[in-house]
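First subunit A sits with subunit B, and in the next complex the same chain sits with subunit C.
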Partner chain A sequence: MDYPTKQTKAWVTPQIVVAIVLFGTMPLWIEAVGLYQYLGVEVIIWMIFALGYNLLLGYTGLPSFGHGAFFGIGAYAYGLAQFEVWPNLWFCLAAAVVVTAAFGAATALFLSHRRGIYFALMSIAFGQIFFFIASKWTDVTGGEDGLLDIQRLPVEFGAMSLSTRSNVELYYLCFALFCVLVILLWRLTNSPYGRVLRAIKQNEMRVSFIGYKVSVIKWSVFTLSTAIAGLAGGLFAMAQEGAYINIMSLQWSGTIVLMVLIGGGFVSFWGPVLGVILYFVARDVLGAYTEAWLLWFGLMFMLLVMFKPEGLAGMWRDLLGTLVTRKAEPKGNPAKVEG
Partner chain B sequence: MALFEARHLHKRFGQQVVLEEINLSFEEGRLSGIMGPNGAGKTTCFNVLTGRYKPDRGQVLFDGEDITGSPPEKIVRRGISRSFQIMNLFDEYTVLDNIVIALPGIRKKLTNPMHAIDADSEMQDRAMDILDRVGLPGRARTNSKSLSYGERRALEIGVALATEPRLLFVDEPTAGLGADGTSRLADLIQSLKEHTTIVMIEHDMQFLFDVADKISVIHWGQVIAEGTPDELRANPWVRRSNLGELN
Partner chain C sequence: MFYDLIPHLINGVALGLLFALLALGFMLIIGVMEVINLAHGALFTLGAYGAVVMMAPDGGFPYEFMQPYYDLPAIPRYVIALIVGPLLAGVVGMGLEVCLRRTYGADPLYGLLLTFGAALVIEEVIRGIWGSSEYYLPTPKEISGGFIFGDLIYSTYRIYAAIFASVMIGMLWLFLNKTPYGAVIKAGAHDSEMVRALGYNLKVLRLLVFGFGAALAGVAGVIMAPIWGVRPVVGVDAVIPAFVVIVLGGVGSFWGAVSAGLMVGIVVALTAAFLTDWSLLSMYLLLLLVVTFRSRGLAGKASVLEA
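Then we have the complex of A and B:
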């Protein structure tokens, strides 16, 4: 994860511009490439989830295997806030974020002193606890049936009101939130806090010996990433017009890990984004040919882990590296090439 | 009064007593050495003094305040830092970034998520000053993983220095270095000594006796002898316990 200094100082980098243009125009071309609008909604929501998750996995090196639970809590919170309190978009999304973050903060109290395999196992345990509570507490969550008839609430700015009923409209709401999130996370990851996160991944003990209280930082980053999961979960409840238990399952928690790893979350800010796109495109394209698409996806994952653990982002970087070196070679001074 | 004092420290792991009864004091502006055979408890002693382990008994005082059992980050913030015998660097970071992250000025901005760390020229300059002091100014942009062993040793000390300590613990800085590297490190320690109070564990007797103002000998979890290098040369304990070849 080494970027040219110019980029780490900037609010908007060339990559962010590319992402904004690419995803900003997606509804215009997604059908032309043989896909459909709802897929775009799913993709952008999962990208939000994945970017938040990567703060933990890729930046801090904390393998949380129960993160789907927080995505699900966000979805339930959105639905319940709408049914029981105030059917206003901003209020319900805020509720999804705050409620999920509260669960995340409580969970993080137990996880912040752990690392490695112990952290992983405890994160699974908490994920399963939340899954079973959600599946048994039928009065609140609807149990196996889930919460039905969740509304896609309109975006309200004072007197102005924008519908989110259609997939394209909902997509643009998610896209706007995605843009804000990307810029904020880009700044965060290049602030002292972000650098300390990466330092914790590299050498937790040394971080405490340069004066940082590691457990508090781990607690805060876990909470932050669950808050983002809650936002994504709230949006997902809108997309599905319901909140269902299956997204809290261990399988979906594993899927987010898979996406982030395949994309290259360990080496790149953009890894999670690439991984989510690959996953959904593989699901739809491979899925059209065979029901066993997950088998092929799983094999791809295994090959990647064996031969290119840096994921898609790592491959992309290698490719750029080769191109840049080739261009520079005729001038006879490849040493000057940076970034 | 001594800047740093340890009284009656006792530490055991399970059945094994590693520190029996340690009493040490370090004066401001001096370089104090700690020596002793392998397994004598030197590194454990450092770990207790710098907060990695809590002592089972005893007291640690810094500048008159009781810091016994404080966690490392609190001890660092009070002005005590350490380097490690087994190197503890941030291997994905450049040499400069290893230093920058350890600066108190950056730590104080931890809660400002919009502070662009690379745009903070004041901190970048300060980090460059530290790289100058440890002799790595030309390596600032190198990945710390690609440094030579000797350079990594110097960076290890640089990271500890970056926390701006009043008291610096150095654990076997010359471990694994050849004659060349050792003499370069000796020069580095000599130059640091002028600004910083240092406590150093060292195996290389020649080096330690050259540079230290006072030396404590630890054996069987106790301080068995203490004094200036000259006093220790004459000490029968030290001669008998065969701690190293001295000229």
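Then we have the complex of A and C:
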């Protein structure tokens, strides 16, 4: 059970086209299916976060339980850049990415030599350190109240300026960034670098025997995934028009793990995307019936880990597999994914 | 100056020993099951709620037939609470172990994720039963209040908590090192396949060890409850210092965990004496300081869990 071993050189695959068409038209049909525009904004931002996180969890096999902290740092950095320095969209988003990546790079120095339990526990500790500092350093972060009145800054290209005030406009900004990110990440995961990440997941020691500097690669992938978390955090600050402490908590750091796994981040590039959609739709649909929706979601998650740890993407692949084997000759098993 | 700090020091020792107790339960589970139990905090909380039910009529069952029980004097009720809380945590822990069976042999990540889901579920169930409001666990008057010694006020309960936790840790050490059961558990942590080959029922061993580790979390929950109060999320506050203790002491080391627990407890309590808001930060600084120089903590050895 793993990602397909076949590598591709394509920049754009049919799946990417489907995703772009699907999410590109989302504002047109989201209200027709009984949901609302702001949900679309939340979903697309969390998809950016989840895709970046899956580089770490799914591809490299490093379970970081403190990633919510970096999402939060991105949000604060966006807000502070806007208040204190220069209220320009590109500058503020860049600040969110760079500041978060700097924190991530410093954290990764402590984490890159670790694996397994030490990695998991240390990542929890770092997440808590940032959470704790953000909650106490009220002069900078606003503490429990958070940073309020963050603006949805307009997109500026030279003389042209596009507003992002409405949810649909903001959605299209996020969507554009999402498209760029998906293509870049797709290339990255299908590059030799992506192969090394997957090899590290399987056996770190052998990778180092081949001659790769494992800790440098782990450091770089951690930093990269925090940079993406920072971008998502900056966008989230725009969406919420504020930056709040709760997204940095252990609970939210765990939720991103949950989303990625439930979607099938371990076996598919698209797992995180599916997982985020499922999480937010479940929140709204189950949440309409019961306040304890997290109970049902948690139970579903437990059952999935027990019986189908490949998640939604794994189920989809099984479904395709049975269809293909039914057509193919019975003696082979062509649909079986090589481990 | 030093003299004034003695009550803080005692608080720190009590806190640290309780963190160590939590950490030891967690390590027993890691040792035999090779599972990082992220539900440990939830089991801690469950233990505290179990005790609240047995102690406080307002947090308990408001049924008629329970009334004679709540009329009992405080001490027998407290003793029952001390048994029921850990028992509840232990039984739920065993249930969790049954769920975990499917993940043995697979990537350890799955066990960790399953327990994370379980933590979420247990917390939501607690919210469903008891609501989100905070409960207070009453204690018998013999161990509550404070007393004056010299010209400083000491909290009786903290001294009781420190003594209770050290007795528990001592008993745990005796159990692990001086009884045949302890020998089997330690052997299971070393090489569980070999234990099975020697004719022990590995399934039962795992079930019992998980239950036992969970019950230790429950005990810590009951003892901590009067100090911290009882809320659905209180487990997170307890389990994070326990994780720090584990990394600091080194996975798999009994005395490493105890000494790291004492270090964390004392550092946190002494910082709290001067800078109340920032007390927890000192714990993390201690962690960073130690792991920079000793990457496996004070007494950790290389283990299969790092793979």
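The criterion applied here is as follows: the second predicted complex is superposed on the first by the 321 of 339 C-alpha atoms of A that agree within 3 Å, B and C clash if a C-alpha of one lies under 4 Å from a C-alpha of the other, contacts with A are read in each partner's own complex, and residues count from 1 in each chain.
Note that in this section a contact is a pair of C-beta atoms (placed from the backbone, for glycine too) under 8 Å apart; a residue touches a chain by one contact, two chains touch by 3 or more.
Quick caveat: nothing in here was measured; it's all calculated off a predicted structure.
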{"item": "Fit-or-clash call for subunit B and subunit C when the two complexes are aligned on subunit A", "value": "fit"}
{"item": "Partner chain in contact with A:233 - subunit B first, subunit C second, else both or neither", "value": "neither"}
{"item": "First (subunit B), second (subunit C), both or neither touched by A:52", "value": "neither"}
{"item": "First, second, both or neither for A:196, with subunit B first and subunit C second", "value": "first"}
{"item": "First, second, both or neither for A:8, with subunit B first and subunit C second", "value": "first"}
{"item": "Partner chain(s) touched by A:264 [first = subunit B, second = subunit C, both, neither]", "value": "neither"}
{"item": "Apex subunit A: angle to the C-alpha centres of subunit B and subunit C, given in degrees as a multiple of 10", "value": "80"}
{"item": "First, second, both or neither for A:66, with subunit B first and subunit C second", "value": "neither"}
{"item": "Touch count on subunit A, higher of subunit B and subunit C", "value": "C"}
{"item": "After superposition on chain A, the shortest CA separation from subunit B to subunit C (Å)", "value": "11"}
{"item": "Footprint overlap on subunit A, where subunit B in one structure and subunit C in the other make contact", "value": "none"}
{"item": "Touch list for subunit A against partner subunit C, complex", "value": "61, 63, 65, 110, 113-118, 120-122, 124-125, 128-129, 132-133, 136, 204, 250-251, 254, 257-258, 261, 292, 294-295, 297-299, 301-302, 305-307, 309"}
{"item": "Residues on subunit C engaged by subunit A in the complex (per definition of touch)", "value": "30, 36, 38, 99, 102-103, 106-110, 112-114, 116-118, 120-121, 124-125, 127-128, 236, 240, 243-244, 246-247, 251, 277-278, 280-281, 284, 287-288, 291-292, 295-296, 305-307"}
{"item": "Of all residues in subunit B, those that touch subunit A in their complex", "value": "50, 52, 71-73, 76-77, 81-82, 84, 88-94, 97, 100-102, 104, 106-107, 109-119, 159-160, 162-163"}
{"item": "List of subunit A residues in touch with subunit B within their complex", "value": "1-2, 5, 8-9, 184, 187-188, 190-196, 198-199, 201-203, 205-206, 208-214"}
